[in-house]
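In order of appearance the chains are A, B, C, D, E and F, and numbering begins at 1 in each one.
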Amino acid sequence: MGSIATADTHEAEARDSSDVWLPSLITETPQEGFALAITLSQKGVATTQPDAEVRKELRPEYAQDPDSLIAASHVVATHFQTVAAANDYWRK
Amino acid sequence: MGSIATADTHEAEARDSSDVWLPSLITETPQEGFALAITLSQKGVATTQPDAEVRKELRPEYAQDPDSLIAASHVVATHFQTVAAANDYWRK
Amino acid sequence: MGSIATADTHEAEARDSSDVWLPSLITETPQEGFALAITLSQKGVATTQPDAEVRKELRPEYAQDPDSLIAASHVVATHFQTVAAANDYWRK
Amino acid sequence: MGSIATADTHEAEARDSSDVWLPSLITETPQEGFALAITLSQKGVATTQPDAEVRKELRPEYAQDPDSLIAASHVVATHFQTVAAANDYWRK
Amino acid sequence: MGSIATADTHEAEARDSSDVWLPSLITETPQEGFALAITLSQKGVATTQPDAEVRKELRPEYAQDPDSLIAASHVVATHFQTVAAANDYWRK
Amino acid sequence: MGSIATADTHEAEARDSSDVWLPSLITETPQEGFALAITLSQKGVATTQPDAEVRKELRPEYAQDPDSLIAASHVVATHFQTVAAANDYWRK
């Protein structure tokens, strides 16, 4: 849950950081949209636990636990709902 | 939760991969929409645990656990909400 | 979580199956809409655990567990949100 | 999770049943809307566990458990989101 | 989860009760909207456990438990989503 | 879950408090929007547990627990859905 910063601090960090990982929510296809939802879900985890090594060590624990896998799928579903709305459901 | 890739990497993978599993969110009927919501839920699991054998081995654990079954149904409900909105609730 | 099929396979199954259980999301009253949300929640469970006997055996476990009952109510709430939007909140 | 009935069966039951508990989602005030969201949450529980005596016996277990209380509040929040949208957020 | 009352009973209680705690969802600023979301989350708990003394005794249990704190934050997030939509995201 | 105050009390506190941490939901980019969603999630925790020292002591517990990390990511996903809608999905 990390230390509480004001919205401005977080946004300033996002602005200054050279790491632009989320340029847009717009994708060409639903499948790319689903891939983006996965990225957003993983970033949500990485923001709380920035240490990639720790995340890697945790993998055996959640990747073999059905409830963890279902919970992770639920996060993807919530982000996919956002990305699909952003792309007007790819209704050409 | 897998390794954190930028949105572009995931999307590039989705674009290049010959496996087009999600061409569209549009379905003819609500029942097909519900089936699509199930596919999306399962893909959310498979993305976190790509090994089909491992997923198969986990089945007895979650398929006999009411809380796991309820949680899985909740993921389907979230995706169905997205698919139903994409199809304007099949209101002809 | 079942085996991962492409969206087409699930939809094809839904199309071919003679069992049309979800003809429409439109209902006459909110109360019928709530009943439909319950059906959708139960179908989400039945898709993951198709064996009615197993589901019946699990009933004593979840029907006496407050957290399971609350979680089940949350799935109904998510589906009811979808059905209510589909019916424009029955605002005649 | 009860036995799986087709949507028609549930709706038929809702139509025939003399117990009209949900005539409308429209309320005069946000506070009445919040009260309706509580009713909807409780009905979601009562549908899965229809026995009022059993529900009463379970009360000490969940009413003293913070996680159960938070989870119940989350169900109310989801239904309140639906009722608020139905009433156009009571924006006169 | 309390005893199941019809929607009318709850609403009648809300109407008659002299305690008007939710006159409107409209706030001047997002920060006031976030404060309202917290009030709504707490009310959802208080409706299930009306005894303020019991709630106070439970505090040490949830206030030191990360999963309880995260779950409580999720309820606030759901209510904030409703309040933000009600205020058209304070987009002047 | 804190003591239950009326909506007015919370809002009054938000108004009077010199600490303006949420001036707006509008951000320039999706990445800043994601940063804001993290701030909102953390504020939801800090409102329930205002003691920064306690929150810091809890960190080892949740930062090494996959289910806690997934649950935290789900809160971020819910807030990001709100912030994305507020910014019309940054669709220039």
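FYI, a contact is a pair of C-beta atoms (placed from the backbone, for glycine too) under 8 Å apart; a residue touches a chain by one contact, two chains touch by 3 or more.
Keep in mind the model is a prediction, meaning the values are calculated, not measured.
Student: Where the centre means the average of the CA atoms, what chain is farthest from subunit F?
Tutor: C
Student: Using C-alpha centres only, name the chain that sits farthest from subunit B.
Tutor: E
Student: Nearest whole angstrom, what separates the Cα centre of subunit B from the Cα centre of subunit C?
Tutor: Once rounded, the distance between the two centres reads 16 Å.
Student: Measure off the straight-line distance from the CA centroid of subunit B to the CA centroid of subunit F, and report it in whole Å.
Tutor: Taking the mean C-alpha position of each chain, the two centres sit 27 Å apart.
Student: Between subunit C and subunit F, what's the gap in Å when you average each chain's C-alpha atoms?
Tutor: Subunit C and subunit F have C-alpha centres separated by 31 Å.
Student: Quick check: what residues of subunit B touch more than one other chain, meaning two or more?
Tutor: Within subunit B, the residues that touch at least two other chains are 1, 21-23, 40-43, 45, 55, 58, 62, 66-67, 69-74, 78, 81, 85.
Student: Applying the document's contact rule, which stretches of subunit D touch subunit C when the two form their complex?
Tutor: 1-11, 13-15, 20-26, 40-45, 47-49, 54-55, 58, 61-62, 65, 67-68, 71-72, 74-75, 78-79, 81-82, 85-86
Student: Can you list the residues on subunit C that touch subunit D in the complex?
Tutor: Those in contact with subunit D are residues 21-23, 27-32, 34-36, 38-43, 45-46, 52, 55-56, 58-59, 62-64, 66-67, 69-74, 76-78, 80-81, 84-85, 89-91.
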